[in-house]
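For reference, the structures are reproduced in the following blocks.
Both of the next two complexes hold chain A, though its partner changes from chain B to chain C.
Entry: the complex of A and B
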């Protein structure tokens, strides 16, 4: 914007005695580190992507951001801005993933709406037992997603703006989990079944109350819980009782998998920078496995799934066979993510997870 | 229209040409993956590049390592899937990529170097890939069983 020149009132005059206009102070005009650096548009309809901006000085992603303030990466720091608090995760290894910019673009490009992209008109005609089971599952999945939304948005303010690709991606992950929340809330409400019993809550607390760091939060939320939810969605996409159930699950899978991609890439990066973190991550995962296994020993979720896959209470035994395979695939998915991140858990997997991996029925829950 | 042999570069090219213009495919958004489709001893590579699908070519088995992931099915399963798509205009429940991936002891997709990040693109882009194969209902196909 061009600043208006101020008309002199009684100030300087030129040699002829005419007033000299006061020029605006344009000392800010050379405060740039990268004048002349141009970002390029991708071919094939990709447009101008976030990653395409990483050229010249803007491609320098430092290992540490020395300021606890809102300085955008590559901007000229305002003198005296100093630290304003917050943003305490200032190290790259605490948050970075090389794929974050790409995942952000994917999330924006692949956005969708549960309101209009799901054939809700097909979500009818189920027997009451299957409808109740779907409503129970929907209640738990929407609660998982709601917790995730709160967790991500809670951590965002702690992450340094210097790693903006991560913040951008996480903002879409917040939307993605919100979409899963409202999608399954709609599913529960569409036939009048509504919300049912909330999930046991051990994992919710484990994820919400992770104070050790963002990386540890990622391990609980996107290595363990996301592996379970994604596996449930894959089975619903294949064996869901109505077209709407299958479509909703199928559309949510890519959203879940973007989070998984960020998570594995981030943990792999963190360990590559700080190999000593791996031991703590392993211990942490052991604790989260315990919380997840304890939740799964509550029979509500698995019984609801067995009714859905068995097409009714009468078919629960057959349905439970599918559920055991689902839980086996859940642990395989989880182990695969750990391996991707250079955190091999195959030899230190908790007992309950080993039982699920074997495909055997879980032992009964001990009585309180 | 003359039937096009499956599996062949011409068949995948015809499918790509239809899919690139398909509003449903375009609405699903960008993807970036080099995928090798394996049927018998035939390997066809395609580059899914944002909304374009190009560089479709037959490759040797060693090139599988360069792909983000490989989709491999027995010739009979490929045929079953394509017959089902042809019959219904899209894959019915038992023949979607997701169901096929769950149905067998081994998933139908993998990364040859066991890079899970790349293998997981199968799930990230699954709706787009399903539209891609659903468009096979518009490609007149002559199935030629390759050597298994």
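Entry: the complex of A and C
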């Protein structure tokens, strides 16, 4: 049995002259909501996972966290601990996804480095026009990723620590986005091409200006933008002009897909708890589709892709055929995510997206 | 190694290319080589591969003292006149966040990522005496709580920093990743051996907000990196002494490696600022005055060894070997030595940061000297 009473102060003093208690106060030693919990290591090699800790009283993930401080879920609340500010998203439906813990562990297990895991020595020797097109694409993808890092990291202080699985996953998502940013910056610089023209910015704005809530941010960033970026990466993984380009894209796809998995799971969960949210989400997506379509009407990105897939300016017509297929796949991917989240957009898809889905020439060419 | 850029030779061929493309109806006005085009960078796999610090060339390496980048464009990219001003960046002055080695620290963080699931030998844990297990779990609960601070607060500043200063942003993102793992690993420790979470620490809940509330990045960094993380680092470095199995030793060793980078970031940023903007030194000293008060009086809430807290009592049990009064008294003595070490390491960090004059001119809290000489 452990002694718990506070010990009287004796004559000892610390270097600062303050009195030192004979023995520390042990009144905390039985302050626990659940004792005798033993988490198990995964039997088939996954190690000790974060989801494995959700046992006994600690398995309950409440619908609302009443504290706006950093109380770890399941810890014994300190008396008098109040709000420290921030953490105003205190409801489960505002952030939760059942898969967040698993995605976090997967992200950790798939760690890689752009410095050492990409065969950069193969990234040289392209024709100048293709190299420049790659640099333009790298500039835009790098900027997309940079915006993502700003958005996710900015939201972390608003998401309650009571749903730590979400915070853990989003930490990996920020890190993944940072890796995409620096991976494409390195790609742009490896032959000196460097950063070219910044992206049009309409989608950046749609993602950044989401005061409405985290779920709306998720819709813009990981339903729409991520669907486009992932589709571009899939095409690059298959048709990239160098081994380095293909390897970089292939490495990034699982990172993007984890974000997509969280996004669909979260939106599905939110709608399951509050079905009325679907109405607002539909309206929101309509606005985001408009922003994305407007960005794509600017020809820079599609021209760069056409040069890459056409293997040069001379092959741009062939390349543009591939681009139209890419955009078609982008909209299909987007619609699929919406459907998985119980947010069917097939009947309310914006006109520009319908054009892309049809495979018709989406970006109108300027007159020669 | 990079070769010379020869942009001139490309101009003619690109004009021809653009004309050809335009004839086919494409715009292609963006298809223009930049100043460094053709300057190939060869990475050396034996020297760490293609590192962030290797790719700085030409205009892309020019870090402005003041950034007017409001559209969030990557540094060095060409601007669009119609781009929206979405960058609500409060940090657009280089000295406010810069340090000389952020790229290196970021790349090191990437190389040293680890997994709390599989890189800790959880299977080595055996049942511990109840008081030891409770002390382990109390310390783990405390560390889980404070690691939220170290992850969430940098996040706010990343989103407020212009991408022209992407290197410190990248490092701070790696810190968020590290802190997530620390939060996770200490939570795992609480559940790994038949225990559970213990008590929230009142002064963390109440005082943790001091780091959140900082309105200036350097103030935040001094509070978080120099003070808070520095104090925790000293504890992690004592991990060998207070561990009861290989799993705990691994946790402290791995976490200390991460925490060292975070502290290094704070020291190097403060050093850069004190060298390039000495007019701000007096302001920084005033932050350090408050930090030192927290160091001595425990007002910061970040110090697990702060006397009178559950975590310091837990340390006394762990360092002494049990809750028996004799053992605990011995542990408390060792914990006092830990506090002395914390103070000495803090003093050293401030000196390296270029603010060591406060220890010569009487500005520093007098109690620090007593700790150092004790």
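Quick note on the criterion: the second predicted complex is superposed on the first by the 338 of 368 C-alpha atoms of A that agree within 3 Å, B and C clash if a C-alpha of one lies under 4 Å from a C-alpha of the other, contacts with A are read in each partner's own complex, and residues count from 1 in each chain.
Keep this in mind: a contact is a pair of C-beta atoms (placed from the backbone, for glycine too) under 8 Å apart; a residue touches a chain by one contact, two chains touch by 3 or more.
As the structure is a computational prediction, the values presented were derived from the model and not from experiment.
Asker: Could you tell me whether chain B and chain C fit or clash when both sit on chain A in the superposition?
Answerer: Overlaying the two complexes on chain A (C-alpha atoms) leaves chain C and chain B fitting together cleanly.
Asker: Using only C-alpha centres after the superposition, what angle do chain B and chain C make about chain A, to the nearest 10 degrees?
Answerer: About 120 degrees between chain B and chain C, seen from chain A.
Asker: Have a look at where A:359 lands relative to chain B and chain C in the superposition and call it first, second, both or neither.
Answerer: neither
Asker: On the A-aligned overlay, A:44 touches which partner chain: chain B = first, chain C = second, or both, or neither?
Answerer: Only chain B; A:44 stays clear of chain C.
Asker: Which of the two partners, first being chain B and second being chain C, lies in contact with A:254: first, second, both, or neither?
Answerer: first
Asker: Pick one for A:265: touches chain B only (first), chain C only (second), both, or neither.
Answerer: In the superposition, A:265 touches chain B alone.
Asker: Which chain makes contact with more of the residues of chain A, chain B or else chain C?
Answerer: Result: the larger residue contact count on chain A belongs to C.
Asker: Touching A:66 in the superposition: chain B (first), chain C (second), both, neither?
Answerer: A:66 contacts neither chain B nor chain C.
Asker: A:146 contacts which: chain B (first), chain C (second), both, neither?
Answerer: It touches chain C, and chain B stays clear.
Asker: Touching A:234 in the superposition: chain B (first), chain C (second), both, neither?
Answerer: Touch partner of A:234: chain B, not chain C.
Asker: Mind working out whether A:186 is in touch with chain B, chain C, both or neither, as first, second, both or neither?
Answerer: In the superposition, A:186 touches chain C alone.
Asker: Would you sort A:105 into first (chain B), second (chain C), both or neither based on which partner it touches?
Answerer: both
Asker: Would you give the minimum C-alpha distance from chain B to chain C, in Å, for the three-chain superposition?
Answerer: For chain B and chain C in the superposition, the minimum C-alpha gap reads 11 Å.
Asker: Between chain B and chain C, which residues of chain A are contacted by each of them?
Answerer: Common to the two interfaces on chain A: residues 42, 45-46, 105, 109, 111.
Asker: Which residues of chain B touch chain A in the complex?
Answerer: 28-32, 49-52, 93, 96, 98-99, 101-102, 114-117, 120, 123-127, 130
Asker: Could you pull out which chain A residues touch chain B in their complex?
Answerer: Counting only chain A, the residues touching chain B are 42-46, 99, 102, 105-106, 109-112, 230, 234-235, 237-238, 246, 250-251, 253-254, 257-258, 260-261, 264-265, 329, 336-337, 339-340.
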